[in-house]
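Okay, handing you the structure first.
Chains here go by letter, A, B, C and D, matching the order in which they are written, and residues are numbered from 1 within each.
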Amino acid sequence: MKFYLKMAWRNIFRNRKRTFLTGLIIGIGLASIMFTDAIVVGMKENMINSVTSSFLGDAQIHLKGFQDSYDTDKTIKNRSQLVSRLQEDMAVENISERVVSFGTISSPSDINSILIYGIDPTRERHVSKIDEAIKQGNYFQTAESEGAQFSGVLIGSKLAERLEVSLGDRIVLSASHAQTGELAQNMFRVAGIYTMQIDEMDSSSAFIPISEAQDMLGLGSRVHEIAVSFVDVQYASRHGDKFADAYTSAGNKAEPWPQLVPQMKKMLDLTDFSVGITMIIVFAVIIFGIINTLFMSLYERIFEFGVLRAVGTRAASLRKLIVFEAASLAVYSSVIGLLLGALIIFIGSIHGMNLSGVEFAGATFTEEINTVFRLRQFILHPLLIFIFTVVVSLYPARYAGRMSITHALQKTL
Amino acid sequence: MKFQLNHYGLVLFILLVGVSPLLAQSGTTDQQPEIERVVNAIDRLYRHDSSHTLMEMEIHTPHWSRTLKLEAWSEGMDKTFIRILQPQKERGMGTLRIDNEMWNYLPKTNKVMKIPPSMMMSSWMGSDFKNNDLVKEFTFTENYTFEYMRPDEAKKGLLYLKCTPKPGEPIVWGHVVVAVDSETLIPKWEKYYDEHNDLMRIMYFKDVETFDGRQLPSVMELVPQTKEGHKTVLHYIEAEFDIQIDERIFSLRNLRTFRK
Amino acid sequence: MLTVKLALRNLMRQKRRTIYTGLSMLVGFVLAGFFIGWADGTYNHMIDKFTRNRLGHIQVHQEGYLGKPSLYKTVGSPEEIGSRIDKYKQVEAWAPRIYSAGLVSITEKSAGAEIIGVDPQRENETTSFSNKVVEGRYFAGSGEVLIGKELAKILNGGVGDEIAIFSQAADGSIAENLYTVVGLLDMGVPRLNRSGFYMSLSDARELLVLYNQAHEIAITLHDLRQVNEVTQILQAEFSNTELSVAPWQEFAKEFYRAMQADKNGMYISLVVVILVVAITILNTILMSVMERQKEYGVLKAIGTRPASIVKMVVAETSMLALFSILIGSLITLLLNTYMAEHGLHLSSPINWGGVQLETMRGEVNFRSFVLPSLTVIMTSLVVCLFPAIKAARTEPAKTMRVF
Amino acid sequence: MNTESNVIVAENVKKDYRSDSVVVHAVRGIDLTIRKGEFTAIVGPSGSGKTTFLNLISGLDTPNGGTVLLNNRNTSSMSGNELSDFRRDNIGFIFQAYNLIPVLNVEENIEYIMMLQGVEKQVRHARVVEILDMMGMKGYERRFPSQLSGGQQQRVAIARAMASEPALILADEPTANLDSGTSTSLLDMMRDLNRETGMTFVFSTHDQHVVDKARRVVILEDGKNVRDEVKE
């Protein structure tokens, strides 16, 4: 056994150039697969991140049915209790309470139907990225500095364009009062203009401090939405159900992002499927390359095998030798592949691909896409290559075991 | 597609609520009168306890022009009732406003439809007025600060006031310039500007006539400056003020009972 | 000619090597061709499904409508325009639509709604509209409407209820009427589920006083890939009118950009596949050429000029490459045709934006033959030249040495 | 005649090859008995059936007709593994070239068969040292075949063939790739080994120098043995 391993290992280095070439093809193949994996992970994380961290949060809690109608009266039950539970939850990093209402925004030149969000300025910035998305003005500071005579509102760049307003301009928000349904109107000044690259956010949403929203809508301390961010970014996709179960009670409904934006989840599933097929094809090409190389190198050495068989080596031992050779080749190639793969993933993790501004399933790539290291890239993929190579080598091994010795011995050149 | 949304203000409210008598004392001539008195006069022009008016509303757009004949009742600041008398197609349609709530009556379907707050900014019956204009009330005295000004194109015999909304008022305008006849203190026009000094719309007051013993402009013309070809003109045909109005007028029941 | 003959003989003589080298090109070709066919097919299938679902492949509007929609920017006599569209055999179906907005109410509650007037039969032919009815039934006659399922909730109503609408007609008059809700829709778009109010085209025309008008004509084609061609044809057809013809890329911009992003991801995969294929071919040819160093030595020893050796190697390789491409194209054609017709069934259908994606389909297109062909030819030529030149240069004695 | 001392008994051995519908009668009926300790050359022109006959007697190939007994065993009835083991234990092979496994060094090449036989490491090592000494190749244990000359390689091949002390050593044109000086000294060495160890040598050749060294010469022509000379 050990002897054949030694022999196999020496064999693959007999023709260094060829072995290196084969190692290179398998290596590049492996590196490609690793890279594809890494970039897909990066893309997915970016997508999820752009959905969850731009405004959604990793999960949200509402009163059941709130999202169907955005009825102002449908506020979260047992709010304070829920908030303290969330704050004690180890998985939860930050929470942000919000008031959400349909309403209209009017400027001297136009008027638009929008969703008015009341947000807690300090807590919100830990959950979402509105503060970072602000391109002009400031994130809820103007209002305070001007003595709170009027309030600041953050609006999207597309909405600002449509309303023909710029920083500091007056706008009036109208919405209906909770319970009475009466018209509530307040004047605000544009404190900040943001660009989130999400059409809905940029063209039909406005943000005001939650206390003002609650005053305006007569909600007291009630809220419509609690957005949650988790310590572990993958918590929502992995243990989302757990979270949903834990906080869906008393008429409230907790949903992690895959439930909140199912189309995103579906898109990711589709991506997984496509990547899977791509991987299979790449694997197929690589494996074919391996078979090819194995066969070629074995054919060249048929005489040698003839000698081995003639002097009394059993067919099984020869088969073993060939499989070992393939395995050695796989190990050698994997090392090349791992080094190459690590290198390109490393490069990719520093120099990202720029797809920013591209909207995708309601989300937008906000940043460059970087490759992401995952352990499986360095374990699963090489292991698959190794297994495939060994499995594939069974065929030439069988062939060599069965060949006619006299025929083999005739081969000279 | 969106509803054709228009500009809004206090004009329709003012008109529908009626025109109150001007306590015009012809006295000081050369001297500018005390500013509070002028503003008060403008505000008071539209103040009264109740009104009952008959008017025509001409609506012009690039696509069509039409005229509605309206009968309106108002009481105090919170109650308004409007009935469309003409044209035939819309005859019987009505709008009731009580406080901040508003309903439309549709005779063909015999249905009363409440206007949700999200539709408050929509046009009232296709005019340049908005539903909201019937609901919200503002006065220059209470909601604005004001000062005299002298524009470049100032004409003799007119007083000019620059009215700026008080901070925090839910008013979109940057300021409003009002031109008032220095004798009668009846407004000539009001120009609405945004904060960048762009003119957004003009309201003209024309053809002063006597209604119920009071002198009032009988024509008001609203011309949005941002939409070409749009104009809404209101003609007063008849008006009576400070009369006793049956409380039942301002009810949903009345809204939905109209005999053609 | 002699070179070709000699090359052919060489290929025939060394069957084993020929087969292996050829096979590596062939398999590389087929896999790359299959990948491209599959990726393009899936991509186009998704676009097709998405656009067919609601928007159509091509839309006709009055000029300027898409940029700034207005009740007044209409297409006159859409039926007549439709019959002109029908002339082109690429067109599968077309459907006229009317859009407006209004206030609707069932009980005391009222809500803003998007009014969409559709020709029930044409709309169904064009976008399988009846499939979107999740409760109740499809339009059967005048006076019937379908509304978004969330809108029904907002209005506290449902199938069988009477719904009143209040809007403004194109002549400025107030539009109002009463209809019966016969079905609830799941349009796959939250906005439309919350505000969609679908009525028959004739009802919409009457309500909005838009007789013989439409705002939009949606067209679906038999084959999505003809969109650009048909768009151009229709643009020419309607060049003297005020109509504008737009392909889906224009009116479904966001979706288009999403697809572009998806495409970018696919290009990465494509590069990987092509790269791996190229390297496999490179490796095989390099090995087979290097294996023959001795043979070249003999050829040189007997007086063959180096240029002739290079020529021969190139001739052999390119013949082999051409042959592989030929057979590869055939196999790819078969595979992709199968994939185009039957596709790959997804165990759990993917529902996206109201589109149900049950299969992943391949496609037979030009690209899936050209790109692999280029890959095979380029790599094989580049890679055979290098050792061939080396072989031509080496000393005969050296390569012939046995020990 | 004592059958115990017969290493090879071939009776009317025949072998046909079929290639492209042409039947080649490579061996048309050879009768030959080789006894223990013989040093026999099988001689004949190219195509006379030498290699085929050697393949048949070594059990690498099976005859179409006639019987071959090697050490009184009929190899044609053996299974694959039996045959492999039989060859391992009874025959040492020497080929004309590429005899040695390139990735194994001299020592490993020589001990390979003993290793297959399961001989212990110390024993193998001792045997390798002994046999290399005998061949005059002491100190070459760690060399790889590519580091040896052709003659040296063949010596190692002989050493490998002899290492496990098989009943028969078969050499198919062992000197074909060597110059005449080297071939002569190689043959001398083989004959000395034959004399010293009493191992049976059968080799094919068409080299007259080699033939001259043989003690028995069997001449093949057209797949038949036409002459059989025993010298001395």
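Heads up, the rule we're going with is that a contact is a pair of C-beta atoms (placed from the backbone, for glycine too) under 8 Å apart; a residue touches a chain by one contact, two chains touch by 3 or more.
Predicted, not measured: the structure shown is a model, and the values here were computed from it.
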Which chain's centre, taken as the mean of its Cα atoms, is farthest from the centre of chain D?
B
Which pairing of chains accounts for the highest number of C-beta contacts?
A-C
Between chain A and chain D, what is the gap in Å from one C-alpha centre to the other?
68
When the C-alpha atoms of chain B and chain D are each averaged to a single point, how far apart are the two points in Å?
122
So how far apart, in whole Å, are chain B and chain C when each is placed at the average of its C-alpha atoms?
56
Set of chain B residues in contact with two or more other chains
2, 116, 118
Where chain C touches two or more other chains simultaneously, the residues are 112
For chain D, residues contacting two or more additional chains
97
List of chain D residues in touch with chain A within their complex
52, 55, 58, 60-61, 80-81, 84-89, 91-93, 95, 97-99, 101-104, 112-113, 115-116, 160-161
Could you pull out which chain C residues touch chain A in their complex?
16-17, 20, 23-24, 27-28, 31-32, 34-35, 38-39, 42, 112, 150, 153-154, 194, 254, 257-258, 260-262, 264-266, 268-269, 272-273, 275-277, 279-280, 282-284, 286-288, 290-291, 294, 344, 346, 350-353, 357, 360
What part of chain B is in contact with chain A in the complex they form?
2, 5, 7-8, 99-101, 116-118, 120-121, 132, 135-136, 165, 167-174, 192-196, 198, 200, 226
What does chain B use to touch chain C in their complex?
1-4, 59, 61-66, 87, 89-90, 93, 104, 106, 108-109, 111, 113-116, 118-119, 122-123, 125-126
Could you pull out which chain A residues touch chain B in their complex?
102-104, 106-111, 113, 149-150, 164, 168-176, 181-187
